[in-house]
Amino acid sequence: MILFFQGRITEFLLILLFFAFQVFFILQATKKKEIGYIRHISGLDAIGEIVGRATEMGKPIHLSPGVYAGFGPGYAGPTVAALSMFSHVSSLAASKKVPVLASVNDAASYAAIDEAVRVACESVHSPECYKSENIQYYAYGEALLTGVFGTMTRMKPAGNFLIGPFGWDAVVQGELGAYANAMQLGGTDAFANLSMLAATCDFLLIGEEMFAAGAYVSKDPKGAGALRGQDLSKVVALLFIIVGAVLWLAGNKLVFNILGV
Amino acid sequence: MAASESIWDKLGNLDRRILFWAIVLIIIIPLIHPLGLPVTVSERVREAYNFVEKAVKPRDIALIDLGTGLGPMPETMPGLLAMTRQLMRLQARIVFTTGYISPEAVVVIETVMDQTLRKDPKFVYGEHYVNFGWYTGGGTAIRRLASSWKDVFTRDWYGTPNERLPIMKDITGADSFRLVWHVGPEIAWITYWKLGKNVPVLVTYMALNIPTYLPYYAAGDIYLLGGQRESAEYEILVGVPGPGVPAMDYQSLGHLFVLAVVVLGNLGHIRRKLKRGTQ
Amino acid sequence: MSTRFIRRDLPYVILAVFGILALLSYYIAIPAIETMAGTSRTWVVVVGAFAVLLGAFNVVRTHIVRAYQKKKDYWLSAWLLFIYFSMIVVGLSAGTGSGQYKWMYGAMYTPLAQGVVGTLGLFLVSAAYRAFKIRTIESLVFFLGFFLIAVRQASIGPLLWPGFETIGNWVTLWPSTGTMRAVTIGLAIGTVALALRTLARYERIGLEEGAMVGGG
Amino acid sequence: MNIDPLVVIGVIWSLVILSFLLYKENIAYRFAEYTMIGVAAGHATVSAIYLINGSNITPLLRGNLLHIVPLFLGIMLLFKLKGEYAWLGRYGIALVVGVGTGDVVRSQMAASFIRQITSTLEIFTIRTAEQAFNVFVFMVAMLSTILIFIFTVRPVGAAAPLPKVQKLGRLFVMFVLGTIFAHQIMSRVAMLAGVLQRLVALFGF
């Protein structure tokens, strides 16, 4: 086919299929208006707990998307996940009048997070939760960390959300949060930095759990439908692996070849 | 009994500054007085070295791309220097670029060139090596580089236009390169250059990134040099002394110290548990 | 066009149009799509640069207010502003390649950055000290993995017993790669699903105003 | 002895940063922090101005009118500084997020989905019993870990063992996180050593 690039056709069809799963289950769930079974995800349940703690203590919460935040192809995924998560967290914080701090070193992510927090706070008319000086832009990773050193020691936030494309800064941000006795939720894509968040944070989102945040936290049929669609995509992946492996052992490379079309 | 128990508990509850000072001393002492602990070469490193030896012919073009700033340099610099020296010995031509978020990595390129290429009068800037410096856009730019080099770079870092650089006669896109040596975390090199254009990709990065890259390594997509230790091993293979091997002293001690710290952290806790068990 | 459309819906239209364009350009071989996607990528770079200005101006405003109101450490804010404007004056008049500019950067940013990076060694030690308290089976397994590799990575380990090297390599290549591959596939599915939801406006990413799309 | 003043300044700055941890939060540290933020913001501003000038204003003045779009979006972004007009900034954000989101789909599908599955299939070229064992361990780790991310299947009937398998998957994940923590020691110690090395070198060892 001339219309498609060679070697990317299966890939494209799979994207369409995954999208169809999402739309189908979201529409179905919205029509039925019921939330099906969703496994307990302790990291995501902790969001309410952390914001609640901040409310009780009368202290702010801190959001950080990590040093690699940005919308380039390598990191856009976790950055969008962070954006979705922060949007939920800040509207929860806004409803409880908890101030939101954020430290970001990528300009575009800074603008997006600033907008997310501002919108969340304005829509519940909670001006104390958003102040433009609390959402800080630091230009470069090292400057970001000195800033976080300062923010953590001086503002002593009660909760710390470390969600996004973390890099070498994971151990610094996690430990600083722990020194400040903040209750921390961590989640990132790269395993190297996830291990540091696992060592420093109270709650951990492993892998895909981070991307389920928006759908899980909303507790509405739409979110449940989206997760259902995501699950079906994983079943497709499992089928590819299992059927492909069995065929491969029998000397047939059909699945392998299909994926390369 | 009570006194000893409090000691155990204290060891499990130390002020972190004691640990900080301890690790500082553990690193400084071998720096002042090298211990010369031995280093062995592992399989992965030998593979990468042999590949370069076999694949690179005189006048082949190699791309060295930095995806990191100054931070990881203690770890990757020995490998970077050894690699550059090996390519020089094989009479390859070398192109430097960096796609890090800030142009600070250009400083690293300058250091590498100062210590290797600029010392050898046989290597002429613009003909045998060239520094294109900094590009923005991360993976997007890497993809554009693969299809058309001049879309991203129309001049080198010092402002010389491409037309005045003799090496540029042979560079159009990914197909012009014999190999890519990427120092950093950017998987776009694998996506667009290895999988897209079938250019061999070698990766050096910090030890902590070995596991992230291992699936690609196991799948045969890349050659991998992870961390200071394997950097030092590469130095041994290339055979020119550098900063890598002496660093293994404090690395070995540092690892043992971290292990000891983990045990310390558990002492009070385990003791309490044992005591509860005997009662 | 209503205000509602301009303020709430139009951003999503922009997001979806350019997102779908970027997505399709990789799969569908129509030169016009490729060109438009390429153009939009250069736009992103420029808008990103404006975002840098936005962020920097916000820093400047914050510290002007602090310096003016004489809050605690106001002289530090004044110093920050002094540094900021000197960088700009030198950078724009003499150029970023000039000796003065390089000196300012090299005398301040580079060594400070190196200092910050150096703290990672310290933070790692304190994280190790606190993290590996063996309380549950999960933390025991966490420690076990740590122990196997830490002993291998110290070049003393393989000298004591060559088996450490073999076990360390085996563990990293088989069970670890298997686990990480599963997580990578999960991440891919999660990312793709989230991205598609974002493009289709099922996901909240903070561009909406007034009534929320989801709960919260 | 000839000492470069930059080296001395560099070592002092690094020690000031370390003093935060080796001693405690102090005024010298705060001074360093504000300096850092000022320099970083200044450098970013200068780079951004050059970038806007080079890749937007210059081509625009040469008559390439399409460049008006990002210029317009960018200027609207700056309205975020003024509370009531902040919503004007959304269009620029939408563009950046949109392109990034579109791009990420394909980079994830290619490198992290298709490629990971095909390379999993490739390991099934089994010749020896040892290989078979390795592949078995690999698959147990992989399948149990993938099943962690099944969120919406109620564990009844055929799916009843699901929670147990998920627990096994979590153990694998924790084990790997432990190994990776250990992989990091080298990098972090090297970073600290980089700073200390300059300090030691200054005193001439």
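The first chain written gets the first letter, and so on, giving A, B, C and D; residue counts start at 1 in each chain.
FYI, a residue touches a chain if its C-beta (ideal position, glycine included) is under 8 Å from a C-beta of that chain, and two chains touch if they have at least 3 such contacts.
In this text, all values refer to a predicted model and were calculated from it rather than measured experimentally.
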Interface ranked first by C-beta contact pairs: C-D
Nearest-to-centre chain - CA centroid comparison: D
Distance-maximising chain from chain D - centres being C-alpha averages: B
Whole-Å gap separating chain A and chain C, where each centre is the average of the chain's CA atoms: 12
Chain A and chain B: spacing of chain centres that average the CA atoms, whole Å: 29
Chain centre separation (chain B, chain C; CA means) in Å: 20
Chain B residues counted as touching two or more neighbouring chains: 16, 20, 23-24, 27, 69, 71-72, 102, 136-137, 139-140, 187-188, 206-208, 210-212, 215, 218, 227, 229, 251, 254-255, 258
Contacts with two or more other chains, residues of chain D listed in rising order: 17, 20-22, 30, 32, 36-37, 39-41, 43-44, 47-48, 51, 77, 80-81, 89-90, 92-93, 96-97, 99-101, 103-110, 113, 116-117, 119-120, 122, 139, 142-143, 146, 148-149, 170, 173-174, 176-181, 183-194, 196
Where chain C touches two or more other chains at once, by residue number: 23, 26-27, 41, 44-45, 47-49, 51-52, 54-56, 58-59, 61, 109-110, 112-114, 116-117, 119-124, 126, 128, 130-132, 142-143, 146-147, 150, 153, 172, 176-177, 180-181, 183-187, 189-192, 195-196, 198, 205, 207, 209
Chain D - residues contacting chain A, complex: 17, 20, 25, 29-30, 32-33, 36-37, 39-41, 43-44, 48, 77, 80-81, 83, 86, 89-90, 92-93, 96-97, 99-101, 103-110, 113-114, 117-118, 120-122, 124-126, 139, 142-143, 146, 148-154, 166, 170, 173-174, 176-178, 180-181, 183-184, 187-188
In the complex, chain B residues that touch chain C: 14, 16, 19-20, 22-24, 27, 37-40, 42-43, 69-71, 104, 107, 136-137, 140, 207, 210-212, 214-215, 218, 227, 229, 248, 251-252, 254-259, 261-262, 264-266, 269-270
Chain C-touching residues of chain D, taken from the complex the two chains share: 6, 9-18, 20-22, 30-32, 34-52, 55-56, 66-67, 69-71, 73-75, 77-78, 80-81, 87, 89-106, 108-109, 112-113, 116-117, 119-120, 134, 137-146, 148-149, 169-196, 198
Residues on chain D engaged by chain B in the complex (per definition of touch): 21-23, 43, 47, 51, 103, 107, 110-111, 115-116, 119, 122-123, 176, 179-180, 183-194, 196-197, 199-200, 205
Touching residues on chain B, where the partner in the complex is chain A: 69, 71-72, 101-102, 137-140, 185-188, 206, 208-209, 211-212
